[in-house]
């Protein structure tokens, strides 16, 4: 099936590895991610004041483009983008007046008719493909690999746009187990990675990366599995930096879930863009005998 | 650009060019910075302002729609919408309420093009305000050249330098986009950086140019250039009069081999 | 002109407000913050509470008591809108929205938390775009 895909700026730059591997994985499942003809930055993060409509223009414009292209659904890989698009979609669905104002401001574009829904690729895998089907496609089960699923914020909160339970999510651990890996729980799995503080408050982010990773290694995890490009950067890159400043901290590899899906489905590690990871992920896979 | 030379003094000649009612009096009432003037139908805004007695010391340049100096903002009386145009290219209309913006304060980032790499974050690092774009499209609506301004900014943000260069090609740096932007982005500088990066690092090299440059280094054209330098003025004028004009098809016979 | 003000600045730098802090906040976010009974759940779950000068439940108290110096706290800028507090509040108060409102009261009064020039070209070249887009959205007016 062809799915209309919204990339977002980061998937085209620092998170190219996520996009590339996701494309390959979806293809082998019989689905094609078709990039939108025209799209703009979604303007993370969703604006929260009552009177601020301007910051809803960016996400709304993407919904209109999808509508114009004749699709009823957009899928997104980036957690933050997905969250922002969903929040705007919700806002205009619940506020007819706001939608009218936004539509009339964008006088050169067609009116948004609330006809497009937004889905995270993980949701698609769970609900439309099903992890059962996915399990059947696994050629190299990730046996012996202990993963700590990390969810972050934007996938789960606010509740109205969550793709899983905000306090006890299971989607990434279900996916990990479908791929043959073991999972390790962690009280910090849903706690914020530091988000944009990675620019001006790097030490805070290093501390968060160390805390999140610390609990994971304490419980025997080999690696972390996650979805969001900013979380990946914060835990992987800043976590590696924290090895110098936070005593006793060793950063374990941080995988995007499509990277592990690709390995489990028998693809070559060279297709997984591991070189973009700060902490080399190939080593732990070799140690567990999953790749050579 | 094309119609200027056919507009004569009387209203009848321009009927085909303007699709609106031509008043019997043959003039339009316009307001220049709030003051009312009656100007002949068929003049451009620039000529109308001069007709009204003003002399341009700013906001006037090539008079041909290329330099971007004569940015004009106007409203029509009783209309809500704000319009943006080039004074030298736009004809006056009844009830035009106008002003000019001769200069837009947009400092250019300092960089050495030789030191830059055409990477994804290059434009962002020199003009970080592009990350503040809210996709409101106000810039596109303010552009007198029909450029998709917001899209070239978006492409710069996502590191697609080639697309940003292509989309911003017609930009004449009039500044209207920058004036209107709620995020204080300096669009035309961003577009120029994209085009410079593209031209220097990403575009194909012109093989014809390379070949010609090498010929010059090898002295192939030295004799002909020397002849021209030594020629007297009358002979040069004759040569010029007899030159081949491509648009007239004079080169068609020669052009078969791509000469 | 937007000025960058340091977090925790002094009282003379407060933005001009038309009414009481509670009135201004109510207008911008329409949350029933007076229902807060100081249970502390928000602060307990906040990832940045250790670096903050005021805890989230103190912030709510400050709004109610019209203590405008909350607008100069480090807390409102440390909040990254992770929504943990909003999800867990037993009184269904959207504390994330309250924090955003306080930030907006500063930003709309031309008190930015940072300037674009504060970030080095090296940082612009390595950190993911999404961090800049969200940082500017929350910290610059």
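A, B and C are the chain letters, set down in written order, and residue numbers restart from 1 in every chain.
As a working rule, a residue touches a chain if its C-beta (ideal position, glycine included) is under 8 Å from a C-beta of that chain, and two chains touch if they have at least 3 such contacts.
Because the structure is predicted, anything quoted here is derived from the model rather than measured.
Enquirer: Farthest chain from chain C, going by mean C-alpha coordinates, please.
Expert: Centroid comparison gives B as the farthest chain from chain C.
Enquirer: Could you tell me which chain's Cα centre is nearest to the average position of every protein Cα atom shown?
Expert: Closest chain centre to the overall C-alpha centroid: A.
Enquirer: Measuring from the mean C-alpha position of chain A to the mean C-alpha position of chain B, what distance in angstrom results?
Expert: It comes to 43 Å between the two C-alpha centres.
Enquirer: Nearest whole angstrom, what separates the Cα centre of chain A from the Cα centre of chain C?
Expert: Result: the chain centres lie 26 Å from each other.
Enquirer: Going by the touch rule set out above, which residues of chain C reach two or more other chains?
Expert: Residue numbers touching two or more other chains: 119, 129, 132-133, 137.
Enquirer: Where in chain B do residues touch at least two different other chains?
Expert: Residue numbers touching two or more other chains: 121, 131, 157-158.
Enquirer: Quick one: which residues in chain A touch 2 or more of the other chains?
Expert: Each of 9, 13-14, 41, 43, 55 in chain A touches at least two other chains.
Enquirer: Which residues of chain B touch chain C in the complex?
Expert: 119, 121-122, 124-126, 128-129, 131-132, 157-158
Enquirer: Quick check: in the complex, which residue numbers of chain A touch chain B?
Expert: 7, 9, 12-14, 38-41, 43, 54-55, 57-58, 61, 105-106, 108
Enquirer: Which of the residues in chain B end up touching chain A in this complex?
Expert: 120-121, 131, 133-137, 140-141, 150-151, 154, 157-160, 182
Enquirer: Can you check the complex and tell me which residues of chain C touch chain B?
Expert: So the residues of chain C touching chain B come out as 116, 119, 121, 124-126, 129, 132-133, 136-137, 140.
Enquirer: Any idea which chain A residues touch chain C in the complex?
Expert: 8-10, 13-15, 41, 43-45, 47-52, 55, 78, 80-81, 153, 157-159, 166-167, 190-192, 194-201, 204, 208, 229-230, 233
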